[in-house]
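Can you keep this structure in mind? I'll have questions shortly.
Chain naming follows the written order as A, B, C and D, and within any one chain the residues start at number 1.
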Amino acid sequence: MSPTSSQPISQIEDIVAGYRVLAAHGIIDAYGHVSVRSQFDPETYLLARSVAPEIVTADDIITYDLDSNPLDAEGRDSVKERFIHGEIYKARPDVTSVVHNHSPTVVPFSVTGIQLRPLFHMAAFIGQGVPLFEIRDFARDTDLLVSNPTLGARLATVLGDAPAALMRGHGAVVVGENIARSIGRSVYLELSAKMQLQAMALAWPSGEINWLDEGEVRASAPVQDYYRAWPMWRDKALAGLKSARGTSKGKKAKGKSRK
Amino acid sequence: MSPTSSQPISQIEDIVAGYRVLAAHGIIDAYGHVSVRSQFDPETYLLARSVAPEIVTADDIITYDLDSNPLDAEGRDSVKERFIHGEIYKARPDVTSVVHNHSPTVVPFSVTGIQLRPLFHMAAFIGQGVPLFEIRDFARDTDLLVSNPTLGARLATVLGDAPAALMRGHGAVVVGENIARSIGRSVYLELSAKMQLQAMALAWPSGEINWLDEGEVRASAPVQDYYRAWPMWRDKALAGLKSARGTSKGKKAKGKSRK
Amino acid sequence: MSPTSSQPISQIEDIVAGYRVLAAHGIIDAYGHVSVRSQFDPETYLLARSVAPEIVTADDIITYDLDSNPLDAEGRDSVKERFIHGEIYKARPDVTSVVHNHSPTVVPFSVTGIQLRPLFHMAAFIGQGVPLFEIRDFARDTDLLVSNPTLGARLATVLGDAPAALMRGHGAVVVGENIARSIGRSVYLELSAKMQLQAMALAWPSGEINWLDEGEVRASAPVQDYYRAWPMWRDKALAGLKSARGTSKGKKAKGKSRK
Amino acid sequence: MSPTSSQPISQIEDIVAGYRVLAAHGIIDAYGHVSVRSQFDPETYLLARSVAPEIVTADDIITYDLDSNPLDAEGRDSVKERFIHGEIYKARPDVTSVVHNHSPTVVPFSVTGIQLRPLFHMAAFIGQGVPLFEIRDFARDTDLLVSNPTLGARLATVLGDAPAALMRGHGAVVVGENIARSIGRSVYLELSAKMQLQAMALAWPSGEINWLDEGEVRASAPVQDYYRAWPMWRDKALAGLKSARGTSKGKKAKGKSRK
């Protein structure tokens, strides 16, 4: 049985599109990952095997339980940092999609103690809080990777009920109650970080920036659901995928049955 | 009857190209919009339905009266912020095209109180004034969207007879007496904002920048009509559109007749 | 007779490639131009008609005398600023190619009085001097365009024997004893401006930057002839051109014979 | 006999892919080079002839001894700076791949004395040291090129046992015990330089940045081997190469036999 046949094609396609959308936006490089909680069993989640995001296909998606044990690996390698996903799904029943990225303009914020703050309506969710995960608070001399359940649980605790958290010297984790939100927030977190960097340069030395206020964050964050963006991003990503899949699928399926 | 058959193909094509040109230049993201005043009835204007700009086609264009009531929606959703367009067309008889965008380097200016000033001849129109619309002056605890006629009218008042206005924490509105101007000014407003940010960094701490003077603005602004750029941008955008339209139009038309 | 038939195909192809290479590098936008001195008659030069650089083809090239009168326009419009080219060819017998551009990171230098200085071996020519043309020294209330012979001659005087000059609030003019140099210098002038902007930010507040010294400029500038880059850039640009030319040439030629 | 037939296709393909991957990432411009130590004879190395990186094919690869004498040039021109490679292979038995680049955000660091420091786990190797090669310490009035064995040996001495060294006003040299490392480190050195520039701007004036500490560098650097990235980059580069090679190879081979 194919490792993907037990999952509906639409959720698999969503996750494949998610990887490719983030790669196309420069939010994930050859690393970074996107997961969704299974719509059939909320105690499991879907995540790609250890492969570069830009080339993820449906054949790369593995199902995990919330302790991040693979349920259908069939010889495929799991990513070391899958515990980010499992532990957040445990701690946050409202979350059905998690993104881990190396968002390039977000990393500088993570090492300077400068708080990301909301200044652009499309990223109003930043006003709901973007805490900083300092791995050194929990373990010394690490490679900065969240590569075990304990660190994953610590990260989930730091995240709390926020929409995203920075990971010092590493990147960010971004969550949502659906994949449009986890992907959309990832795209606009990076853009907002760029805008904040520029606004801080412009405002120097007074430093006065007109942030969204609490009432505006409360009004804007729920509205900004990226529902106009996501279908466009998704369709474009899946269109780019089709020709490649058409030619390579037969060969790949054969390779697997030989294992 | 098709919702577009009452409009000449060239004006429809202009607006479709406008959306795609701005998306290609990174001036509008999955949001933002372009409208034109109808050449047949100046008391109506054309604007795309609620769909991501990069995928707008002729089938997405809706006609509105100046109170922003759709006249031929046929079930298509209108964008919430169409009042930006309607209220500006009411207040500015000279304007026949309006762009609303999230121009990324313009947003930082909108939250710092740093005035955009003219320094590049291609964006000399900035010297005619780019006022700031602070939505908080008119409503508290908003989602920053100009989603009703009152806010639209306030924005039109702030715009006055200027070629563009910043919208705090949100983006900009840019107008022109034709679409070449509204699109061209949008492209060069973003570029000029980048140049100003760099010039301010270079000039620090003296802050001395050699802006275009009044006489230069007066001489340059009318000349910079983007008439050499617009046909190239337009043709490229429409060329990219052709193949897609050829294959998808039949299917779409059918979908509509079923409503 | 075709307006291009009196010129060898290779020089025409060079100039067409030049326009497209600079557009691909973001050095010229919808405006800007590239000329070469005719290899058959040094008292004439070749420049494209008034058309966006990205779509220039061989059919767009016009021959001018050094007073910038078109010799074979056949109804095609000349660019207003052709006097930049003609007057420099008069003043500089060593120059056989001239580029006028709106190089985006160069403009901020032109309005701040911050001198471009050599810090990167590929742009060592900057050490030979990059003077600033302030149009206000010669005419008030202009549109900043060098649109008559007098302003062209003034620009040529400011340029002197330098490889390039900045034009305040406008862009730059870059020259070379061949097109590889005028194009290569244009590409690396922009890159060096970016590097200098970053170096100045890094070096703040000491401002200490380790510029190339005079001996290094003397040794580097002649070596950096862009002869490894130019054929690659040229071939890529002409390859992109071929399919379009194949389909459109017949139609265009016909259109012309009807005039 | 073809100059490449004595080398296994996989190592040749690696080096061709390396050139193209770095060009695609903007790490090398029309200049810069990638070499590998021959897997058959560690006293020789492979490097492309003097040609722009973006168009390197298998036919362009030349074998050199460690004194950088070409062994199978067959009339092909060698790059002037090949001594960078030969002298490093002599001094560093652990190194099997060397990259020389003009990494654009690295050059500004090279001229300001600001040390690159580790802040991003993907570029943790920076914590192992990135010394600065100041050519003026060894020769005056140069064109900055490492164009003889003596300068190559000096550069190797400055590099010491580090993973990379900056070359003042010129670029960088990056090494690895395999090509995944030399290419991956080149990509992430540039990205880390960008992040450091932004972090320094954000942290101004306190200047406090939370660098990776020694324990983290020790734990991270070995893990970051770019083994997930390299196959993706390589495959994409070689896919882009195939069609071109299919059509041009026959002609090229003929051209060579005529020499």
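Simple rule for what comes next: a contact is a pair of C-beta atoms (placed from the backbone, for glycine too) under 8 Å apart; a residue touches a chain by one contact, two chains touch by 3 or more.
Bear in mind the structure is a predicted one, so any value in this text is a computation, not a measurement.
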What is the size of the turn, to the nearest 5°, that moves the C-alpha atoms of subunit B onto the matching ones in subunit D?
180
Taking all residue numbers used at the subunit C/subunit D interface, answer same if over half belong to both copies and different if under half do.
different
Among the chains, which has its CA centre at the largest distance from subunit B's?
D
Using CA atom averages as chain centres, what separation in Å is found between subunit B and subunit D?
45
Between subunit B and subunit C, what is the gap in Å from one C-alpha centre to the other?
32
Show the residues in subunit A shared as contacts by 2 or more other chains, in ascending order.
201, 204
Select the category (line, ring, star, complete, other) that matches the graph of chains linked by touching.
ring
So the touching chain pairs work out to A-B, A-D, B-C, C-D
Please give the residue numbers of subunit C that touch subunit D in the complex, ascending.
119-122, 124, 191, 194-196, 198-199, 201-204, 208-213, 215-216, 218-220, 223-224, 226, 228-229, 231-233, 235-236
Which positions of subunit C touch subunit B when the two form their complex?
29-31, 50-52, 54-55, 102, 104-105, 107-114, 136, 140-145, 168-170, 197, 200-201, 204
